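Before I ask anything, here is the structure I am working with.
Naming follows writing order (A, B, C, D and E), and every chain is counted from residue 1.
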């Protein structure tokens, strides 16, 4: 960086600013940065969108930090700006998501969303006794993380849960009201709906509200993704029956560790896979599960 | 007798509940100045709009040179040689006087630039200025939009435009309403000049003195119908006012 | 009769028939799923909160303005209400906070538009960013939960089988429809949109009125924030980015001109329901999601076309 | 001599490069009809706008009843009892005639409804109709928006409105430009009636006959300055035209 | 001199000074990061594609219209191009497909607006849904990848150190700025927005012209789709939902009125860069994202306020 001998400067570029997963990741990263005595900046686009993330990466690179943690919003579209960053001698650590080009990212710390989706399918199947109609509510097509979860979910259903009929995916554009409308119409069409897989918070919230209004809470089972405070609250209130928790805080902290190691010329770990945990009302109070719940601010 | 240049019969036009024209007739011969008069709301402007292709009649027939026509669009009336000064002037407030004067007939630069549609603003400005000055209308700035012009200046631009482009007929709906004394006189002179060059003029005006001064004939509308027609030479101002207000009723006689 | 005409205007008749036609069509195509009281109640309940936003937007657009900030103001107000309820335990205080916060944002919009003479699009784009960013700052980007008393109370309460939230939104919309049609406030709203300069010369206090109109839109967005908090149980910091376009579309479908001077709340109500009914109907018919987008778009254009065309025919 | 009702001195107003007023003076006494005349673009409408609070002058002073005033907004001029018929009429096209007539002064229903601001449309429609009919202006529909009115009908509404509400002064910028013969006569009569009731009238007009017929005094603007003032009784039409066009120059004499 | 005035208009001067002021401020605050050729080149390169959309939008808005469909048309064209390149192997054919597809959507918009007389907002909201839905149908909801020859070719190519994509966008923008300012096509665009009825009475072929203007906007969106495919290497089916608002905001910041009749492409260029520079500058200064939203919103309003205020002062 600019300062040569000064403090190490690291920037975290989130996939999406203002989202619990990435905010928890930032919390984890900040705590670790403080511990290691490095400066951490956080930036992120307002949508999970490579055309919005590219200018941010460019601005960050112009500021020449020593290292950049980034959750790339597309496996391909982010290659070009990251290559530019690499050429400026910025150490790049990939967190949560990756790019296709294996030469980018000294270390890759990521959740397997495909696996997460499969876990969601297992959890839902368990909740509904392995049979009935299941609906998936997602945000928008083309968001790679969410798409991967859907893929994992559908593959798992097809492969191992023959009793479950998938009603397919409906898209809520990440709008709570839209998600609610979708579930309402689904209930009108299929009053015997058995389960819903909501791929993110807003989808789960809207779906939960519709089920609640229809008096179908608990009767129609729901599995959600991510385990922020709002989701955990939903779990406790019986709106959702299971959550797939990733480890965003850990990812952030490990990312900073790896970044600092890279800047100091120490050894880095090229690949660190992180786990997805199934959280249910039954296990939510256990300490090892408490640990994976996302933090509300820091 | 020659076929009339324009012959409209039984023109009907309603706007919602309001019947603006209830079977109005109108005719115009080549090279004459006809005054179209009537009380406020009689339907004069509506008739002028229909005869210049701006509005479509609900009923009735229009013949030009004895051939029935339906003006589907302004372009068709314009290509028949008809121009109009509308009562509401119909200028584009954000364009300059020259922009309005040449609207739809822009001059292009000579040569290659012209092929690309590049405007020759200098020429258009000059010609607009000349045409306005002929009417005694002075424009403080040639590039400022017409929204900044005084009422009379705007009217001057509209009159100059119509007169310049008309080849056969020019409708003038209250062309001097906002004009000064000198400018009004010039417009009346211009009407005569235009007529002498063979273009017919339809003058819509509430100023009976002007009507008497320049028209050859007068047609009177009342409540959407033609109620009288006169040769100007043989009518008095009182008779005109009487016909407009309904105090005098004249039998419709085919002219 | 005259009163009815003023409330809805002739233009509303045709678009109302279009809506009726859609309802009948879906009822015929899906007789066992679409026209059930369950489904129709859901339709109304889904549309209720948007209705508030669209009603406020109707006033704004009739003055020839626009308000892109409604979604942000909604979220900000919901966050403020959640924080206050959390802090004080008082639901009433929370509701008041939401309404006052919304009003404050609206007045800010109004002041910038009326006194600063900045285009409404820019002002409200700016306050959209400011209110959304502000909400995120207050929450740290983490959605707040509504207290259970609110979510399970107002959020679920029904009266005569219809959700209380629907009653509230309907009552306010009706009151504002009457205000627009029959009061001096409404008259001045039309006058400003029709010809601001003439309204000014006629002695209408244009600036003050604009501040009130944007204030009203903000207030309604604030209230919508509170109701949305009650209904969905969450502040929804990332969930309202298309609220503005949805509300504007409803207003325009309902026959209000973006150039101001004409429009009715009744039209807007129909404009809110057309897309909602289309979406619900096509989903019930089992149209695949991507096709839904295509078909909703096409039918929307066709619906407004029928409306325009019938209106023109009538005018002839 | 009594203090003038309005006394404006050295009014300056520019729009960008265009100097509309370059130090214009104007004065008006209670109960008199003053004609303000001048060529197109002389600055008459601009002066009227400044004196009725619609525009702000760049320089100069205005006194009302001998007290210096700055009209920051139309409301202030209106509360001083000043009303105006603008040359561009300034109507809200989407409102009905009554909506325009009562704009900013709406009548409310009696009782509780009135407290809620509910309009009494029936009363407003009736009063508007009466006021228009007094001018001889017939409106086909009282509920249709004014955008559907003929030019003369619109002007009738604007004139009727200003005359009804004026308590001290009414500016009339070309109030008869679009009116029919009968309606024009009625407006001239009305000007006299209004004057007799103690309200001063400023008549801006290009019609010298009308000016001679109703005014007590004439003030002449030319290129943004007052160049002459006359008592109507002692001036000829030729002199007026001469003053407007600059053919006759009069020394400014303080009145 | 007159030519320059026509190209930019007096209103552009002030907003241009605002942009200059922002650039200087950031250069002073971050002298080692902001005013580097690396950063400025990135700024330009990030803005290039939006510039095309905003330029088309400028023409549309000057006619008093609006085009919400640009993002959908962009995506649809990119998908069409990707499919054609995939099928034929010809990059040229792909580019032609994108442009023609965009043009076709634009002409559809124009026809519905001009002949159907449906409000432009509704038409383009409808075609936004139709084009996005259509793109998703074509791809099955999965982002298509651009072939490597395109992504690594046009996507990375530079001339004199500046990306080829920037040159293309700049050249087209410049040509259209000249067209708007100096040709009959531009004159008629202003005339229609200023007073459609007067333009019609003056003999301008209003409908035909509107179809051309919307066609142009569509064509530019199609080209933008191709360039975006080259630059990002993906069709971006979910990535363009705010393109319309970004383009409209740029146009309005640049001094074009939503009510038509006035505006310049030069203003739009400045209007594109103000938000881009603000965001870049604040990111470089390390302002946190939520604060950025707040501050960008506030500065945007302030910038346009300065512009309005200076303009008014000049007019006095």
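In this section, a contact is a pair of C-beta atoms (placed from the backbone, for glycine too) under 8 Å apart; a residue touches a chain by one contact, two chains touch by 3 or more.
Protein names from UniProt, one per chain: B, D = Simple sugar transport system ATP-binding protein; C, E = Ribose transport system permease protein.
What you are looking at is a predicted structure, and each value in this text was computed from that prediction instead of being measured.
S.K.: On a CA-centroid basis, which chain has its centre farthest from chain E's?
M.R.: The most distant chain relative to chain E turns out to be D.
S.K.: Among the chains, which has its CA centre at the largest distance from chain C's?
M.R.: Between chain C and the rest, the longest centre separation is with B.
S.K.: Comparing B-E against A-E, which pair counts more contacting C-beta pairs?
M.R.: When the contacts at A-E and B-E are counted, A-E has more.
S.K.: Return the distance between the CA-based centres of chain A and chain D, expressed in whole Å.
M.R.: Measuring from centre to centre gives 70 Å for this pair.
S.K.: Taking the mean of the C-alpha atoms as each chain's centre, how many Å separate chain D from chain E?
M.R.: Computed from C-alpha means, the inter-chain centre distance equals 47 Å.
S.K.: Per the centroid of Cα atoms for each chain, what is the distance between chain A and chain C, given in Å?
M.R.: 32
S.K.: Determine the centre-to-centre distance between chain C and chain E, using the mean Cα coordinates as centres, and give it in whole Å.
M.R.: Here the centre of chain E sits 29 Å away from the centre of chain C.
S.K.: What parts of chain A, by residue number, touch at least two of the other chains?
M.R.: 17-18, 141, 169, 173
S.K.: What are the residue numbers in chain B that touch two or more other chains?
M.R.: 15-16
S.K.: Quick one: which residues in chain E touch 2 or more of the other chains?
M.R.: Residues 136, 141, 289-290, 293 of chain E each touch two or more of the other chains.
S.K.: Contact residues on chain A for chain C in the complex?
M.R.: Its residues touching chain C are 17-20, 22-23, 141, 168-171, 173-177, 180-182, 184-189, 201-202, 205-206, 208-210, 212-214, 228-230, 233-234, 237, 239, 294, 296-298.
S.K.: Report the residues of chain B in contact with chain E in the complex, numbered from low to high.
M.R.: So the residues of chain B in touch with chain E come to 54, 73-75, 78, 84, 86, 90-95, 99-100, 103-106, 108, 116-119, 121, 143.
S.K.: Taking the touch rule as given, give the residues of chain E at its contact with chain A in the complex, in rising order.
M.R.: 30, 32-34, 36, 38-39, 42-43, 45-46, 136, 141-143, 145, 151, 155-156, 228, 231-234, 236-242, 276, 279-280, 283-284, 286, 288-290, 293
S.K.: What part of chain E is in contact with chain C in the complex they form?
M.R.: Spelled out, the residues of chain E in touch with chain C are 64, 66, 68, 112, 116-119, 121-123, 125-130, 132-134, 136-137, 141, 245, 248-249, 252-253, 257-259, 289-298, 300-301, 304-305, 308, 312.
S.K.: State the interface residues of chain D toward chain B in the complex, per the touch definition above.
M.R.: That would be residues 15-18, 38-41, 45, 87-88, 137-141, 144, 148-153, 156, 174, 177-184, 206-208, 241, 244-245 of chain D.
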